[in-house]
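Several structures are given next for inspection.
Same chain, two partners: chain A is paired with chain B first, then with chain C.
== the complex of A and B ==
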């Protein structure tokens, strides 16, 4: 009985925390999306679906959505590819394996702010080490954020740098659970390294892959800090995705309702995507 | 001498017991109860707060060590003189409005707050969250374009101008025999003359940010104001793409494009302070900025600070000059302590403002004209040491040929429409369209004007 009460108390405590920290702010944001207000202290006016109509008829929204998909799509794809590659390498019997593994997760341990500052310094003109290296290699002075495509490339690369270690660790953990006997049997059958990877490693990693893709999609789609700290959505809005657009509308453009509507739509898009994903790749699939 | 342990005025319990016998009758009890009830009733009208020490909550938005110290000193002094406590909280400038909004929403508003954007003042005034300061402001003579009246009321107490001008390396100018630029071409020539390798030369001429940021809005458009561009007419119509105004804006864009030849890479990301860091390190010969940068360099490297001069943004023909407007001020909130807050503001204005201004003496350019003659303010040695800068500052306010403009203060009077244009970053995007996208100047101006109309259409 005592154990049940403890569990109930912990459950209620967790529920209360969730209600205060997540449910109330989220429901308040949804409420704001039906109102018109120039600031958070303005007397709001109920406008129904007007904010949603404005958002959906605004090209800024669709452009930001497209950029968000480009950003998160590329970042996730590269993180997964590199993560699997690094995990396979780290799973091998390398010299100083523990040290290498520890170094690999370093970017993930650093605060985003530190990483972005490091990147900005390394790309700085005229003192950035990468900028100088490119000059010495004869590429001239590269303006890393001076063109829309390059700026998008930079935020994707930095995201990959920070988050690939998380993917690597996840896959490395998955690799530890692959029975060695499967590889031995495949070797006996004459399977090449590539065949062993393709037919044993990848299928065995599928549950981890499913979860990692899901988590990375949610996190990258909502990623605000890296983009904001590196480019603030520029130049020419080339890196302005939905979180930044919502922030700009709510906190800079005196349009709290529209900012809230963008956030709500973003939440709905993500929810639908997750629902479809679960239908396609159910987590409880054991095969 | 042994210390006596007996207090001659206090009776011991034994003394009391030896006195007249105390009798407790029913009447005595009733009288006692009546007296107690009466005393309680008399005290009922006095709210609990009257029994507390009065406290004013002040949100300071100037986080430098010296400024915080000056504000805390003022608070302590005020408490000593009046018994009223001033709780001084400090946040970075950019966080002040959010903090003030949070305090209002949380039901515990600050009594006094610092603001840096007139749009925020207008929002608070429209919501009747702040009170007019007319009784205080009417006592002083103010500089131009600083009180921003709303329906005849002054809702804030501005304490500095925060103007933006061009800083340049005076020592390099002297060495090369150059004169401060009065035209765009002269500025380009000066930058060209100082660009190069070796002693007395710099890698680049200037850094003007073009990112979609407040820094660009503040640092990059002085040339455009000098050229005669404006955003609104007297009836809040956007005239940026009309007639001579459009011509001025197009000329400006062509000029900025020419200037990029003398700029380092990274202008699309540049933020506050980047240009001044370049000036300080000898990589740039010019940088747009304010007195804040001068004060920072002055306190860390006085020799270098002496090598820095200032001049206003020129136009193309040498007819006009401009400085970009900036401003910082305090507002008083409508709270139960408003009256006390007003008293504090008046006291601070008379007794402590100059001490506060002295904590960043070049940056905190006074908004009250009487301060320029005040012996207490003039006593700061830096005002004399940096006369080549501080004399310019006063001239910016008194010379009719100096244009003081900024995006957020455009229009016939202070209004949120100008704030919306500021925060839409229509003008920085115009620069990006011209420089990154290689759009024609005419089209870039048209795109910017269209965006301005879009953002104010529901205002």
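== the complex of A and C ==
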């Protein structure tokens, strides 16, 4: 068919642009990680594995990796738990459910910057509304930005607030595809609502859960803006994870090679993790 | 679990209470942003009250007078629309061809695109910036549009691929029997039928571009070229803008998204769910 050739040509054109836009930068990042460059304009010099040796022998890197795992681990776990809870709640047949669903998605739409400004304002000392609420509840003044643990906790909780709706909506769609007959059969057999959740809902949601955990892990592990905007990696580097370390190296110390090496290593870690995950939980058992 | 309500009243009350809690949790911060932005700045630092007056639009007028907010707004519109157009054209081409043509290594192509999902944004931002510096594109909106497209394109191809797969090829074949060329069949039959998918991709590309901070921080240096989030952020320390003005700015950035959401919310929900459910 002659038309097929037109489509093929257009397709190759699109693919070429994609290659230039995505594959070339990614391979260029790997190339940069083998080079030494004092800035983005200077002529780079090939240094082999030097950047990698520097990164891996630097405690800063291992600390940042550990913090990144704490941050993304907690954020994902809480998002999943809260998301399942919300989905079950929103699946109940109540009036005004559509409006309620729409409202619970709103945090996902807000630009990260806005949320961080809002958090700053609500935690403002002395007049932020959360500050005052905590004082009235008898907790005194909480220094969210000053204490390492509290800063990490704050970054995690804010991430949970913003990104839980993704989990909620995915699960809600999953719940609605669970055949009603399964529940009815279980009811006839006298299963309690908890038993029905545990033995019907959760197993039916397994494929959704697999993908949601995968996507959330990838996105949370790479998340830069929320941490940067809330704490700049502080206090005392308590929230400095790999994306922030890479940014600091490349754009503050102008050690472009090191920044690229950190990003590449972080990408490799994620690739290995995803590979293992796919082995453990294959995606397309049927499809 | 859409069981009928033969459940006791007490459970029903608990359910309503939980729902009220979920709504408050999700909406209160947004309410607080809007309220703080229309409160009289004089009283903003004096008292906290859930329904606080007196109201005034002073925060808005100060914001617009003291900053380049309108310029950033125009920049954001330009970059977001550019990203949407580029993403749509490329995503439609690639995903349609992958579904309909007998190409070897189809799944490899989709797999590679999905792999791009995993790139840390900074892994792309660092080399992209280096490339843009060489090309003389650093500090331009074009650089930002290209950067955003590197993220939106894999997402768009994935979503549209799912959509085109579901359209039976018979529809186009029927049109082609009736004398349409493949291209004609594509424009007259396939595109209109896949409009919901295309709308979803457009919305998500817009959302990503409009809310992006990371790429804007890296790519744009000049203040007058900044997009909204990056521009407003430079104001946080510099001008000693008060929180009322920052809340006003935030409200103005959020408003277009909220309006889009009110009218197109089923596409939002579909797109969110498709990211996870469709495979």
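Points worth noting:
The working rule: the second predicted complex is superposed on the first by the 274 of 287 C-alpha atoms of A that agree within 3 Å, B and C clash if a C-alpha of one lies under 4 Å from a C-alpha of the other, contacts with A are read in each partner's own complex, and residues count from 1 in each chain.
Heads up, the rule we're going with is that contacts are C-beta pairs under 8 Å (C-beta built on N, C-alpha and C of every residue); 3 or more make two chains touch, one makes a residue touch a chain.
Bear in mind that the values here come from a model prediction, so they are computed numbers and not experimental data.
Taken together in the superposed arrangement on chain A, chain B and chain C clash.
In the superposition on chain A, A:109 makes contact with chain C only, not with chain B. By the touch criterion defined above, A:236 lies against chain B but remains apart from chain C after alignment on the C-alpha atoms of chain A. In the overlay built on the shared chain, the residue A:41 is in contact with chain B and with chain C.
When the two complexes are overlaid on their common chain A, residue A:124 makes contact with chain B and with chain C alike. Taking chain A as the reference chain, the count of touched residues is higher for C when chain B and chain C are set side by side.
When the two complexes are overlaid on their common chain A, residue A:142 makes contact with chain B while staying clear of chain C.
By the touch criterion defined above, A:152 lies against neither chain B nor chain C after alignment on the C-alpha atoms of chain A. When the two complexes are overlaid on their common chain A, residue A:253 makes contact with chain B while staying clear of chain C.
Superposing the two complexes on chain A places one of the chain C stretches 19-27, 73-81, 217-225 or 253-261 into chain B: stretch 217-225. Residues 40-41, 120, 124, 251 of chain A lie in contact with chain B in one complex and with chain C in the other.
Chain C meets chain A in the complex at residues 1-5, 15-16, 18-19, 22-23, 25-27, 29-30, 32-33, 36, 44-46, 48, 89-90, 93-94, 96-98, 100-101, 103, 109, 112-113, 116-124, 126-131, 133, 138, 146, 149-150, 153-154, 176, 181-183, 185-186, 207, 210-214, 218, 228-230, 232-233, 236, 243, 246-247, 249-250, 253-254, 257-258, 261, 265, 268-269, 272-273, 275-277, 279. The touching residues of chain B, when paired with chain A in their complex, are 98, 101, 104-105, 119, 123-124, 126-127, 129, 203, 210-213, 264-269, 283, 416, 419-420, 423-424, 429, 432-433, 436-437, 455.
The residues of chain A lying in touch with chain C in their complex are 1-4, 6-8, 10-11, 13-15, 17-18, 21-26, 28-29, 31-32, 40-41, 86, 88-94, 100-115, 117-118, 120-122, 124, 127, 129, 132, 161, 165-166, 169-170, 172-175, 177, 180, 183, 187, 193, 196-197, 201, 208, 211-212, 215, 218, 221-222, 224-225, 228-229, 242-243, 246-247, 250-251, 256, 259-260, 263-264, 266-267, 270-271, 274, 283-284, 287.
By the touch criterion stated above, chain A contacts chain B in their complex at residues 38-43, 120, 124-126, 141-148, 151, 231-237, 251-254.
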